[in-house]
Amino acid sequence: MSKYIHNLNQELTQWRRMFHSYPELGFTEYLTTYRIGKILEEWDYTLFIGKDALDSDARVGIPNKDILTHFEQKAKEQGVEESWLRKMTGGNTGLVATFDTGRPGKHIALRFDIDALPINESTHQSHIPASKAFNSINPRVMHACGHDGHITIGLGVAKYIYEHQNQLVGKFTFLFQPAEEGGRGALAMTKKGWLANVDRFYAGHIGIKEMSVGNVAATVKGFLASTKLNVRYHGNASHAGMNPETGKNALLSAASASIHLYGIPRHSEGTTRVNVGRLEAGSGRNIIPDAAYMEVEVRGETKELNNYMTEHAKRIINSAATMHDTECEITTVGSTEEMDCSSSIINNIKHACKKSNYVKNVISETSVSGSEDASYMMNEVLKHGGEATYMLFGTKLDYPHHHPSFDFQEEVLPVAVDTFTRIIEQENIYSIGEG
Amino acid sequence: MSKYIHNLNQELTQWRRMFHSYPELGFTEYLTTYRIGKILEEWDYTLFIGKDALDSDARVGIPNKDILTHFEQKAKEQGVEESWLRKMTGGNTGLVATFDTGRPGKHIALRFDIDALPINESTHQSHIPASKAFNSINPRVMHACGHDGHITIGLGVAKYIYEHQNQLVGKFTFLFQPAEEGGRGALAMTKKGWLANVDRFYAGHIGIKEMSVGNVAATVKGFLASTKLNVRYHGNASHAGMNPETGKNALLSAASASIHLYGIPRHSEGTTRVNVGRLEAGSGRNIIPDAAYMEVEVRGETKELNNYMTEHAKRIINSAATMHDTECEITTVGSTEEMDCSSSIINNIKHACKKSNYVKNVISETSVSGSEDASYMMNEVLKHGGEATYMLFGTKLDYPHHHPSFDFQEEVLPVAVDTFTRIIEQENIYSIGEG
Amino acid sequence: MSKYIHNLNQELTQWRRMFHSYPELGFTEYLTTYRIGKILEEWDYTLFIGKDALDSDARVGIPNKDILTHFEQKAKEQGVEESWLRKMTGGNTGLVATFDTGRPGKHIALRFDIDALPINESTHQSHIPASKAFNSINPRVMHACGHDGHITIGLGVAKYIYEHQNQLVGKFTFLFQPAEEGGRGALAMTKKGWLANVDRFYAGHIGIKEMSVGNVAATVKGFLASTKLNVRYHGNASHAGMNPETGKNALLSAASASIHLYGIPRHSEGTTRVNVGRLEAGSGRNIIPDAAYMEVEVRGETKELNNYMTEHAKRIINSAATMHDTECEITTVGSTEEMDCSSSIINNIKHACKKSNYVKNVISETSVSGSEDASYMMNEVLKHGGEATYMLFGTKLDYPHHHPSFDFQEEVLPVAVDTFTRIIEQENIYSIGEG
Amino acid sequence: MSKYIHNLNQELTQWRRMFHSYPELGFTEYLTTYRIGKILEEWDYTLFIGKDALDSDARVGIPNKDILTHFEQKAKEQGVEESWLRKMTGGNTGLVATFDTGRPGKHIALRFDIDALPINESTHQSHIPASKAFNSINPRVMHACGHDGHITIGLGVAKYIYEHQNQLVGKFTFLFQPAEEGGRGALAMTKKGWLANVDRFYAGHIGIKEMSVGNVAATVKGFLASTKLNVRYHGNASHAGMNPETGKNALLSAASASIHLYGIPRHSEGTTRVNVGRLEAGSGRNIIPDAAYMEVEVRGETKELNNYMTEHAKRIINSAATMHDTECEITTVGSTEEMDCSSSIINNIKHACKKSNYVKNVISETSVSGSEDASYMMNEVLKHGGEATYMLFGTKLDYPHHHPSFDFQEEVLPVAVDTFTRIIEQENIYSIGEG
């Protein structure tokens, strides 16, 4: 096994750097999806793209038409084939790839998220993607959460299955999910039914906790349930010098809401979070702003705590409208659930990795306080009696996730591929052939 | 005289509608400047454009290079000649046109502002520019303050001088000023020296007060001194779920500043104003916002009151940085002075308009509470011993200035042209020829 | 006349200092009322106290029962007679004193306000009341608005009428009004009917504008209409450490309301004001505050502007409740009207003061931007066809009104008495006797 | 043992109700201290009061002199002996009582807190103290945290030791601590040296968690480190109508601070808390408030988290001063440390209570998120090698601690006394006598 990984190493780095250079935001991953698909095609995977991959109507937080069209046009210019574009048009990105060995065995699903973030990547020469010239070519978009690595790991695992298909049993479903940021894509894939008959579900993330390369956490707890809200305030414009009194100030509504949202009382029963990640308001300096837009997110350690935050947030957002005599519109554009990994799976993972040259240590559990829409997939698998987990793969980070200088050690890639493939080998080995 | 106007009427309407359709923001009036210049060229005016028209370094609030380049490119596509563009490049828009009769007489300067506003024009069929198909072709830019009318009036007066040059004495200087909105262009023209030897300065606005068409105010009081500030907050980004405590929230700094700015105490000595006309902050929903940008404006009835507002505003803006542990940068990007019209000029204007068929009534004075950077020009003329005024030309307004549905009655255009030309005729008539 | 004043001078100083030492807040002027009454009794005035002086139900902003009882008890200890206290009990303070010469002539009403402010008087030796040992004996109560002087002037005028009764005609009504601060007492005296048949109404204030001693303004403009609101927020208490989420924070409602109230947009049609003069909230450090109390005041140059401010204030106060999920109660506890002095009265006053040794100069008009509930009395007199004015009497002020170091020059007292008495002499002289 | 308790029951109820009726705030527990002392004197305890009991200079958050004098005077009127008052004067309340059996054995220290809260007790007949007529006779002061019960338990245990002294060995130190609320008294007793040679330290609280009567938690975790701050803002007063611009608004500083304090970012490493428990500002409605006072508290799960909160709080409080151009003074008036109970003690307690008729169940540990200055005492004992714990005694609560209707079931009193005395018996039994 380790030999397989060893040979794969150079390819992993190349994939990673290619995807890193071409980051795309959620539901505009046209080129990314296409590239993943073209690689998988060569390995005999059956591909599902566009509305064959996800329940289009279950997506939330889709960019507006102008933006989608802009990126579809761009993808075309970048060489994405018309037939692919036609299927993905309207933000139906991401793909599902299946591989059936034809032999009875477990159905294993693996999920890898593929979208990037609206961050302007550092060009400082101390930032390795910059000094090694694979940093983002797209202004204000960056793989600052490691999803370029996730795609790469997925491809590495997919290639393993393809190359070892004779030794394997059962079925494999790869979910290359769009729009994880904002919790917008997982539910749409889940609703398409991919998780209904899955025996084992595996997903993971690189580098969230202080774990060095070679360390793996078999499960995580602490992923927060979350709700994402878009808010629009509508007021009245007027000349700020001549008629300040006829204006209805939407900018101030957004400002009041922002300040008060962070003051939602802490809760004695657990962790909560709130953020106003974007605010845009007003048109010109001497005009009372008649419009404002905010992107808000709340989280809670449990569904109840998330509901507590959501209710307070909505009341505050509405009060900030009446405070300045404006009107307000709240749209829910994303959500994640809390996540409970199957603890039964821990020992399997530990056992599978025992002889690995890459995985030095598997800890049972770690905790984080982010949010993950893989939760929808996991909960679906658990509901149908399967087992599921979300793993963490250690890497030193000089800068936190979502930072313009975020980068990870590429040595984590073979560690993760080795973990996944050893688990698969242990679960779905074709015992006779092995004999 | 009135006959001259009568014949001009159709041309006024055509000019107005053309300029209305192609609104351009301050310091990007490339096409507008070009079109004004090409018309004036035909009437033997001497033209000064680019750095010949204004002191380039005295401009404030210049758009950034990308924006300028974008609009220069667009102007080129719209047919502006290379030789013109070369001179205007970098936002050196606007022009000065002079006409010297060669006969001794007063030097009269006339100022017309030419820029538009960042407003999305109404397309409702009750909005005449929409129903008559001359509304803005540029999204999010609109002549919502009547400067399209001002340009038109200037051209009407310029044509009169050209056609009546044999009956006139003295010199005429037309200042087609860029970037009045935000108080950014007048100082740069003033510093170029155009106002140093001027005997009479005339400027004006259409439609600010409830005066119907035919009513003219010979002077205005109440224009406020003003200061325009751009503010940038710099904080730290971090993952809002995983590390809320390491973020330094620039969005909240802007929100706190906004709310507290409107609370600057009213002043017992006169009118003050404050507005935060734009606020942009943050990059993504789950990232603590590390950057925020605000456009702020304060005003005061006197220089002292404006200083009072500016000092409070700066203290509040800085305090909002320390409140959230961010850093802040304040740039002054525009200003206007208070304005004192020469009352000595009132009776001249009344006398000049006595026999007009267009001007029904001239009132001595009205008051407004906007701001005007023509104040820099006026104060310069007054300083050198000249006389100066700023007039208002009545028109019914269904919507206030700076409103997406702003429109004026085109009947005001001949009224204004008639007022200006009658004043000129009275001031600079070639008495012998008249004999 | 001036001789009369000359002899009175020492008495004026004594009265002023006595009243200064015993300041009492609105509707608790038990001792003050008693002392004024005991002096007037000796001069044959007919006195009306308690419910004979004012329409008890028309008072607003009455202190609560505990406070009234406390001060009634204190007044008793200070020697106020039982028979007086019985009439005044429940905050029915102030008195009306009438003098009828029995001869036909004008009915002149004069109003003097008698209440003090909740301010802790300075004990610094540069403060004359402190260095001359007549500063307030009541902690946190102070005559910081000059009403001690007003009472004194009223008594000086009253004594003049008593001593010169044989030379005078007509009737005189002295209104020693309680609770001017907060605009709480005038309406109650007005509703009692005292102003219905008045020919001339005179009131005044010492020292509001930069006028030195000897200067008198015959009329004032600019007094603002005003509304005074008391606000109570009711939330839920909870342990701030153990159950922060079950609290409903009334303190934060009051804080949000305060900050937003000052941000009510300035109005283009004239002066507006807003103040939160008091805020009390919470019971203990580690308890989420379940109660908050605010004293708010808005003003406007006209009734319409005051209504504009009142409506915005109420909306903001209510929004601040929903913002923090509390409930709120708004009570209107005082108000004043705008004030229009009779300009017809100006020349009379100028003429009357022509020969005064005290009044050096009478100007026609000055403007201030405070509020005065004498406006209710004036407007009542005007409504019935009488004439009315509110005068200002100049004095140098080292500190503004309502400041802990406020003090006026006692030389203003004879100036004011001389102005009032000369007006009276001119209006109501018994011409035959004068002959 | 249980028989002892059975006989004591009526006395416990009487004591509890007496102390409940006479609640006193921290450092004014003159009558409470005296009453405790007089009871202990009868049982041969050696008493230490005033500066013999605590390090007077180590107290924080002492009421001002006027308040202390007021309550000392009141205590005198209530019959506290002069000799006692002299020692306690200046807020040196609380007492230490020691009992030495003269026989070698462990030194056991027991701490009971004695102060009440600034809460107006409910008089509703559904509130048992009201219906049974033992509610607070002191307006706005109430035993709403069960310290009346704590005193009672302490007395019950003290009486047991006195009555069973022949069967016991070692030494006993009872710390009846003042001013636990606000974390103000424990450090002063600790610094006096009482905890230096203690082998076992026991303290406890009634009713914090959902545990019914008979349930006892042997240890608690989760008590938060905390810092208590008093804040004063100093501005400038001015007349809100006439000179709003010369005021410097201290009320607004406090309001801005309050709103922003609750918005201190949540911390990923653990629980934090913040509260502004009191705010008082301003003097009169039409005066710009020149003074404001706030009582603030922050908490953190660890010392580091508490420091994080304290630093942010101070920066915000200071920024709110510059925001409104006022000055500010921050005083630290109390603090608590985090608390780590000795887990080694758990089994001892479980064993000791095994045969109790009162204690039905002992759980090892529970968690709360309040703060306790007993932490200073515990940490001192631990530092010197002793063992220490803080127990919880279950009781149903219809209302939370610090609520005007807070009440506990008196049945918890014998449970707690039985727990303490059984532990003592087990630890310090005179084995020979027992023989």
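In order of appearance the chains are A, B, C and D, and numbering begins at 1 in each one.
Here is the rule we use: a residue touches a chain if its C-beta (ideal position, glycine included) is under 8 Å from a C-beta of that chain, and two chains touch if they have at least 3 such contacts.
Note that this is a predicted model, so its numbers are computed, not measured.
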State the smallest step count from subunit B to subunit D, taking one step as a move to a touching chain. 1
Name the chain whose C-alpha centroid is farthest from the C-alpha centroid of subunit A. C
Between B-C and A-C, more C-beta pairs in contact link A-C
Measuring from the mean C-alpha position of subunit B to the mean C-alpha position of subunit C, what distance in angstrom results? 49
Please compute the C-alpha centroid of subunit A, do the same for subunit C, then give the distance between them in whole Å. 68
Mark out which residues of subunit A touch at least two other chains, giving numbers and ranges. 242-244, 249, 252, 256, 259-260, 262-263, 265-266, 268, 273-274, 288, 369
How about subunit D: which of its residues touch subunit C in the complex? 117-120, 140, 181-182, 208, 224, 226, 228, 237-244, 246, 249, 251-252, 254-256, 258-259, 262, 273-289, 292, 295-297, 299, 334, 368-371, 400-404
Contact residues on subunit B for subunit C in the complex? 259-260, 262-263, 265-266, 268, 271-274, 369
Can you check the complex and tell me which residues of subunit A touch subunit C? 242-245, 247, 249, 252, 256, 260, 263, 265-269, 288, 308, 312, 315-316, 318-320, 322-325
